[in-house]
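Labels for the chains are A, B, C, D, E and F, by order of writing; each one numbers its residues from 1.
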């Protein structure tokens, strides 16, 4: 995304809104992660406590999801940069 | 959630917004319920009319979903109260 | 939906908001379409390039989805018109 | 689906409450329509995508699917009214704000 | 779930920042609640719908399901704090605005 | 993805239309990114969660998945332009407001 055509007041306004969106993105990512790891790891409801096996699965699931998101984000940024270099200039 | 740190004007403002959100929550719950019960109960498209078996399924599905939500809501409120008692005091 | 009870200023205001929503609807439809056709058509990740078979699948998927949406939209409008004729008069 | 009430009208300006209600109704209709498209796609469209046109079977299925979906919408609405379930919907909002 | 900070209070009026934060927290709670309802419905409720009441097995399953979901919520939260992953969340926003 | 036009700029203040457009573009990018993350997770990540690190196969799969997803994004965009399908998108909005 290219903001060079925006004036300083507009850029400042955008920055503030983007900070708010990043907080919302983070919260949504958090709840998606809980949902995803719960659904994948918890299948036994004969007990209300998390078993040690389930707990380990949740920790690995969280860990792996974040690493996955980071890798996707890195590739996404590269592809986006390529697409914009080709498209807008 | 704890609103005791809010002043009266802020609490009144929140109450109004919350009422609006409750309406939106209700409408979304309604459309989710239609989607869920349709997907579970309707699998025969040799006719365009709902069969009596499908209709009964939809009524049970609605009934059971609301009872499910109520029970989840009751447990959710208990757990939230516990978590806040432990966390914020 | 019936706007005859609205005054001219309100109708003009609604029209502007609806135009904005149509743009958002279109963008969401676009990303849903990409997600749907990618998930249905791409299952081989031994290569990073789209195969000609996958490409054809994506084109057919897009084509068919739009025709599907149009047909659903036409039936939806008919049913809605029926429901409002029966309900509000 | 015109079940949202309407406020009083002022003479010339925009009544924000009435516009708000119309927008809420519009969002509701859009939401239902999107769910209808997705549900009937799952029920009627083969995921093989051998061709781009709807075949006869798919077209007939779509028509019946929309019709049944509306019937289900009606049944669910009636059932909710019988149960007076307006309250049950906003579970989290109520759970979280019970003390206000 | 009260992990959002609070701004300073003015005397009588509405502090928009504080209202904003409370609304963000409310949206978060609603989102979690809706996911909880869906997950436990998938885990505990049979899709046959032979009757409208929850049976004994379903009721017990729901109670345990909510309890486990909260434990998972806690574990994921702790893990995110350990990893200092606040940054990782807003992937697209950062990818798209890295140059600002 | 920079397909949204831009309005004229005033001298010093904030042009709400231009900010609005930038926000719409940002929401679009965030939406696409989230779908990309979910799709590639489904395609590439085993749900067994025996370890927390990405293994070699998963890493390679992710790279190819993102690449293919962008190609699909491009093909769908081209197809939509060919079909002039801008109108078809807002089905419900149009169906509901056809009479205005």
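Note that contacts are C-beta pairs under 8 Å (C-beta built on N, C-alpha and C of every residue); 3 or more make two chains touch, one makes a residue touch a chain.
Quick caveat: nothing in here was measured; it's all calculated off a predicted structure.
Visitor: Counting one step per pair of touching chains, how few steps separate subunit C from subunit F?
Guide: Graph distance in the chain contact network comes out at 1.
Visitor: Greatest Cα-centroid separation from subunit D: which chain?
Guide: When every chain centre is compared against subunit D, the largest gap points to A.
Visitor: For A-F, which listed pair, C-D, C-F or B-D, repeats its interface with over half of the contact pairs the same?
Guide: So the equivalent interface, with over half the same contact pairs, is C-D.
Visitor: How many angstrom lie between the centres of subunit D and subunit E, each centre taken as the mean Cα position?
Guide: 24
Visitor: On a C-alpha centroid basis, what's the spacing between subunit A and subunit C, in Å?
Guide: Chain centres of subunit A and subunit C, defined by C-alpha means, are spaced 26 Å apart.
Visitor: Report, in whole Å, the distance between the mean C-alpha point of subunit A and the mean C-alpha point of subunit E.
Guide: Their C-alpha centroids are separated by 15 Å.
Visitor: Going by the contact rule already set, what residues in subunit A reach two or more other chains?
Guide: Subunit A, residues with two or more chain partners: 1-3, 14, 18, 21, 25, 37, 41, 59, 62-63, 69, 72-73, 76, 80.
Visitor: Residues of subunit F touching 2+ other chains?
Guide: Residues 26, 29-30, 32-33, 37, 44, 63, 67, 91-93, 95-97 of subunit F each touch two or more of the other chains.
Visitor: Give the list of subunit F residues in touch with subunit A in this complex.
Guide: Per the touch definition, subunit F meets subunit A at residues 1-2, 6, 9-15, 18-19, 22-23, 25-26, 29-30, 33, 36-37, 40-41, 44-45, 47, 49-54, 58-59, 62-63, 66-67, 70.
Visitor: What does subunit E use to touch subunit A in their complex?
Guide: The touching residues are 20, 24, 27-28, 31-32, 35, 38-39, 42-44, 60-61, 63-65, 67-69, 71-73, 75-77, 79-80, 83, 85-86, 88-100.
Visitor: Residue numbers of subunit B touching subunit D in their complex, please.
Guide: Residues in contact with subunit D: 1-3, 11, 14-15, 18, 20-31, 33-35, 37-39, 41-43, 45-50, 54-55, 58-59, 62-63, 66, 69-70, 72-73, 76-77, 80.
Visitor: Please give the residue numbers of subunit A that touch subunit F in the complex, ascending.
Guide: Those in contact with subunit F are residues 1-3, 5-7, 9-10, 13-14, 17-18, 21, 25, 37, 40-41, 57, 59-65, 67-69, 71-73, 75-76, 79-80, 83-84, 87-88.
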